[in-house]
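First chain written, first letter: the chains are A, B, C and D, and each begins at residue 1.
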Amino acid sequence: MDSLPPYAIFLIGALFIPAIGGRLRRVALLLIPLLSGANVINLEQGDDWQLLFLDYELIPVRVDELSLLFGYLFHLAALIAVIFSLHVRDTTQHVAGLVYAGSALGAVFAGDFITLFIFWELMAVSSAFLILSRRTDRATAAGLRYLLIQVLSGVMLLAGAVMRVQETGTLAFEFIGIGSSGGLLIFLAFGIKCAFPLAHNWLTDAYPEATPTGAVFLSAFTTKVAVYALARGFPGTEALIYIGAVMTCFPIFYAVIENDLRRVLAYSMINQIGFMVCGIGIGTALAVNGAVAHAFNDVLFKGLLMMSMGAVLHMTGRINGSELGGLYKSMPMTAGLCIVGAASISAFPLFSGFVSKSMIMVAVLQEGHPGVWLALLFASAGVFHHAGIKIPFFAFFAHDAGLRTSEPPNNMLLAMWIAGALCVFIGIYPWMLYELLPFEVVYTPYDATHVIAQLQLLFFSALAFTWLKLTNLYPPELRSVNLDAEWIYRKVLPDAVRGISRASVPLASALSDGVRGQMLVLGQTMYRHFGPQSTLVRTWLSARMVLWVAGLLGFYLFFYYS
Amino acid sequence: MNPDLAVLLAPVIPAIGAVLIGFTGSRPNVREAMTLATGGVLFGVVLSLYPAVAAGSRPAAILFASLPGLPIALEVEPLGMLFGLVASGLWIVTSVYSIGYMRGHHEPNQTRFYVCFAIAISSAMGVAFAANMFTLFVFYEVLTLSTYPLVTHSGTEEAKRAGRLYLGILLGTSIGLQLLAIVWTWSLAGTLDFVPGGILTDVASPLVLGILFALYVFGMGKAALMPFHRWLPAAMVAPTPVSALLHAVAVVKAGVFAILKVAIYIFGLDLLSASGITHWLTYVAAATILIASIVAMTRDNLKARLAYSTISQLSYVVLGALLANAWGVVGGGLQIVMHAFAKITLFFCAGAIMVAAHKTEISEMGGLGRTMPITMFAFLIGSLSIIGLPPMGGMWSKWYLAVGTVEAHQFLLLGVLMASSLFNVAYLLPIPVRAFFGAPPAGEKDARTPAGIREAPMFCLIALSVTALGCVWLFFNPDPFYSLMNQIVAPENAR
Amino acid sequence: MNQPPQHFFDKPENTTKVLWIFHVLCVGLLVIDVFYHRHTMHAWEDLWGFYAFYGFVACVMLVLVAKQLRKLVMVGERYYSDG
Amino acid sequence: MIGAHLPALQVVVPLIAAPVCVLLRRPRLAWGLATLINWICFGVATALLARVLTEGSISYPLGGWAAPWGIEYRVDVVNAFVLVIVAGVSALVVLFARASVEKEIPAERIYLFYTLWLLCVTGLLGMAVTGDAFNLFVFLEISSLSSYALISLGPERRALTAAYRYLVMGTIGATFILIGIGLLYMMTGTLNMMDLARHLPAVAGTRTVIVAFGFLTVGISLKIALFPLHSWLPNAYTYAPSAVSALLAATATKVGVYMLLRFFFTIVGPYFSFEVMAEGGLLIAIALLATVFGSVVAIFQDNIKSMLAYSSIAQIGYMVLGISLVSVTGLTAGIVHLFNHALIKAGLFMAVGCLAFRLRAVTLQEIAGIGRYMPWTMAAFVVGGLSLIGVPLTVGFISKWYLVLGALERSWWPVAGIILFTSLLAVVYIWRVVEAAYFRTAPNRGHPTRFQEAPWSMLVPTWVVILANVYFGISPSFPIDIAQRAAQALLSPLP
């Protein structure tokens, strides 16, 4: 065992970054993912680490196809994100980004629940700083909400893990299944991180509030770790098929009417994860391969889209569709790369999304879920509609908003170029990706049926867009907030708490006043009866004392006789 | 050093220290040196006991014979070792901190402060190493009385009111309930010695045992179990080092420590779990955890919020004892350690903020991270440890407590622990987050324009950094404390 | 007088040209469906122009439903921050 | 040679010394003689106790007339113990008295004071030592009359009315006792206690004996100020000279309780007293009422002496409570509390005497902030107060321990609860003093010289008593052994 744990270089590097300044820091930032990548390339399957800690047998590193694939992917993502954020002069963001990437690596290589939990929570905390670093009141609030929900996921994982240890006697993170209550809790914990419906709002709430560079990190890791964890623990769980289908469909409605383009991307992210979740739920070799491959591609194209929007935000300071437009004039290269990302997410043939999403679609049909298949097809059309067309259209084309700027800094462009190139490369030559997948791939994406069907779907979706746009049926971009499930915890609950506390403050003070009053009355009563002037205590006349004595004697005698 | 002698010295050294501090009161530098020296020697002595105890031996000493069959005696067992280490170790740090704080804050009556502090530590050592319930009770009362002047240090009307409440609740519960329970135990069992496995097996009906146990649990007023918690927020009028060491470590932990002791060595876990007499009490502890957390959220005064947080966290230990199984006890014991390090850090930070920035209200602390980065970072670490997030030691205690609840099939309690973690996030993390990322309150110069760093006094910073690093260290190295606790629940595992 | 540089879509006729090309491509794709046999896994796929119509209808539905959704969920921008 | 006559010497020495004192006239000389005599008495009492402990009961026929016909002095463990208490306290208080008396009493009356003192001591010792019922009445009158006079010497005019009331009530009490003794004599024809005890069972249950029992109960209750016949006591203690308060509070009621023990256990016998007459239930109810009433009223007193007086009423309740449990533990508690309460109250009244030496009046208003001016006095008061509360390591705790234990042995745990509850009330009234003395700012005191510490001649005896509180709290085996033997002796059937 001559290699380091996959996450070590990131975490150790993060410790030293604050001490390094200026140009040297950029070199160090680049070196970290590269060195770590070299370390991971050397890892062989079965290079597991074992550790006896507090009488628990831990497996801090477990290397197999699945973890290795995500290991490579996360290095790639980290490298791109680091390059994209090289220009930033904010130690917090650099450190948080590195710790975040490192703990994501730790999570996918974790072979036991304790290790998984540790990195799960480390991810939550470190990623929150990427949101908080935006340093606006909105971002601070959103970051805290984000953290709260991530910790909720963490504690559910902890609770589930503890129950599972009691049920099975082992901490090893293998197939779990939802048959036991512990398994169910873990499932829900993964589900929160995976943005299951009704638990998805942390994503759409927080990611758009992150820093331009932070969002790139965020889009790469958290949900993908969750997808990995589902693929490891719950492949073939039927519920996931339907959950995935819902996840693909409902966000696109919100995406259509959402104004903040990064929030549109956040919704589309849920939509893409839905495909993966669905694939994991199907659970066949093809489906899981497709889900994992799609996760791989999603990191790249969603990263690319996030980066292009980040670049726009960085250069113009705006991100609402209603305030943008016509930027292709001053940012042509960004526009072009954005379109590459859009094509990839929409699964245009020759772009990366096509080679992975179709695997899931085929698997769904093979396993006999036509309804789900229709839903996914609808979502595919929809994703093109809102991510493929809406994002580039409203940002770079549409009505010229009069913004004149320039291309973003070179490091941003470079990062986007790398991501774009990879999207196209995988789209054209998917075999290298297929090699890495956990199961053997016997699937060919490029045949006439697939290509033509996909083109038909996409072109007519686009046709619908142009028709709606030309007839002004298309809803205009409006500055607004769209209520979603978060309404419950951002509005209903706080209002209820406020209402209760508003009602209870007078109640509590009345109560405490009442108690205080009662105590006072009690004190006064006691004083009246036992104070120096009370009947029992004040100096008695001798005659009265004698009377008492006589009375008592009588009482005693009576008592003795009876 | 001969372990038996070391046991004897543990309460004696700080008592001697108190005298020396009193005599050197006119020369502050000598006085503080004396405090630190006493702390160092004490910690050395306590530490020297560790190998023997970890190896399974039980050093003991008799101070003097009191009532027939009931000597004031000391004996070190693993749980006491754990508490003794924590209290004596953190005393040194607190002393360092006190030097910075008391001078920076220009507090009066500093000699009285240091003397009482030393006496309090002396009695905490006595509580930790008590060989029987009677000895524990004696030192417990000394602890109460010696900390009263610390609570009322400022001498204001508010401080006196708080002092009355402090004394009233602590003496009231200990005399009214705990003493009754002790005498009762004596009359049932004929002994009060702490014996592994307990001394009450087969001597009384479950009903009697249930009442007796409740008397003990509520009689330890220092554990701040609701409804006997009010003294703790009130005691926050004390100078911050007092709040830090006493109301996060020595005093409050003496309470929960005593409950654990009673559960393990008076009743015995088997008896407790078999008779099911603790069941309803677990809900009291759970309610305390939740209600105190909710109240903490509504407090804007930092120390008040921390006080309610302490109330909540203490009930974790109580819960651990009430679960009456091995894991609950391990979790409870670890929680004593983990919470001590984390909460003392938080109090140190609160005091540092008071000294350096003259702020007590949380709503005024926006943007403070720019002027006091070290302090606020330590605060963040402490908060994470309280919540139970890695890489902080607090994670391990939460883990074992969770295992304990599952072992006892108390899934509701598991839910309470988890919910409490979320509450902790909600009331602790906004403080450092707004300090680092929020804007300073209106009317203050915007700190985004480069302002000079105005950190707390150096002594304060050293102390709070040490404890914050302690939180991290405990994540990687909880084993010294874990193995102690493990020895209690699985004696065959003594290392 | 500093004339701002002219860009491609600044001329409406360019937009029209692009749209024309696009419409032709659409028709072409629909026509292709007649000339080749696709290997299908589900009967619906065999319907003529299934993917094309499905895509069109789906998107129109999506937008129209979303417009209705707006009536339900859209609130002011300061909805949450106003407490 | 002398050894054989110790019982007689115990009474005769002070009795003869009293008129000598009148002849001396000079204050210092009178004091010197009184001191000497008191210490001789103490020596005699100690020697008697030592002999009784080693050799068993001593019977001493006065004037050589054998038992049933002559007057027998009979010393067993019970009264030897009482003798030591009375003589010891008196010996210490008389040391204290010199300075105090010179301040409070006009010089020309001081020789009278010491004469009365010696007479009072004679009476108290005589009551304890005698084995003859009528002789007991005689000594009762001696002690009572001299104490009325002692009280009336108090510095305020109200001392006269207080003494007058005491006179009226005391006389009624003594008369009742006399009637009771007379009725018993009527039925048995003997006045010797042992003889009475032998003859009474034959006539038990007759109306005359029952009536005698009633008169004795009420009479003794009056003398020991058992609730509700307490009303003479507070004013008497409050307005008496400081030294007298200390002497009477520590000894007079103790001898009264001894009288109760003698009549109920030795003469009438526990079987008749508690089984036939069911005296136990009645006494417990009254004793509990006394403890609660005395404690509550004490809380509302502003004059510290009357606060202590009411506390005495409560403490007498404890003793009677212990006795009426009619078990070895209960009686041990009652008897050991005789001893302990003597130490507590003597110490406290002496500390208050020190305060009175410097202040106009010993009220809470007057003592504000006095802790800074009279640290030793107040420290003594605090330790005594802790002992009164029953804090561990003081004698007060030992008493409470046995009382609660006794109650629990009988499963009367509400009684145990009330005992502890009244301890809490004691916390409240003691704490009022502590707070006033230490935590209230002193009024502007005109003459700094007036507010010095009390003279050492007062402080030293005070501290001797206070330290005895602690010593016998830490190492209580001496009083407990004796009390246990006494309890067994009282409960065992006659030889």
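Brief remarks follow.
Here is the rule we use: contacts are C-beta pairs under 8 Å (C-beta built on N, C-alpha and C of every residue); 3 or more make two chains touch, one makes a residue touch a chain.
All of these numbers come straight from a predicted model, not from anything done at the bench.
Ranking every chain by how far its Cα centroid lies from the centroid of chain B, the top place goes to C. Interface comparison, B-D versus A-C: the pair with the greater number of contacting C-beta pairs is A-C. In this view the innermost chain, defined by its CA centroid being closest to the centroid of all protein CA atoms, is B.
One simple way to say how far apart two chains are is to compare their mean CA positions; for chain B and chain D this gives 45 Å.
Chain C and chain D have CA centres that are 106 Å apart. In whole angstrom, the spacing between the mean C-alpha positions of chain A and chain C is 29.
Inter-chain spacing, taken between the CA centroids of chain B and chain C, is 65 Å. Listed for chain A are no residues, as none touches two or more other chains. Contacting chain pairs in the structure are A-B, A-C, A-D, B-D. In the complex of the two chains, the chain B residues touching chain D come out as 64-68, 72, 134, 137-138, 141, 145, 152, 155, 160, 163-164, 167-168, 171-172, 175-176, 179-180, 183-184, 186-187. Within the complex formed with chain A, the chain D residues making contact are 164-165, 168-169, 172, 176, 210-211, 213-215, 217-218, 221-222, 228-229, 231-232, 234-235, 277-278, 282, 293, 296-297, 299-302. Looking at the complex, you find that chain B touches chain A at residues 298, 384, 387-391, 395-396, 398-399, 402-403, 405-407, 411, 414-415, 417-418, 421-422, 425-426, 429-430, 433-434, 436-439, 478-479, 482, 486. Those residues of chain A lying in contact with chain C across their complex are 138, 252-254, 256-257, 326, 328-329, 362, 365-366, 370, 373, 377-378, 381-382, 385, 397, 400, 447-449, 452-468, 473-475, 478-484, 490-491, 494, 498.
Chain A contributes residues 526-527, 530-532, 536-537, 539-540, 542, 545-546, 548-549, 552-553, 556-557, 559-561 to its touches with chain D in the complex.
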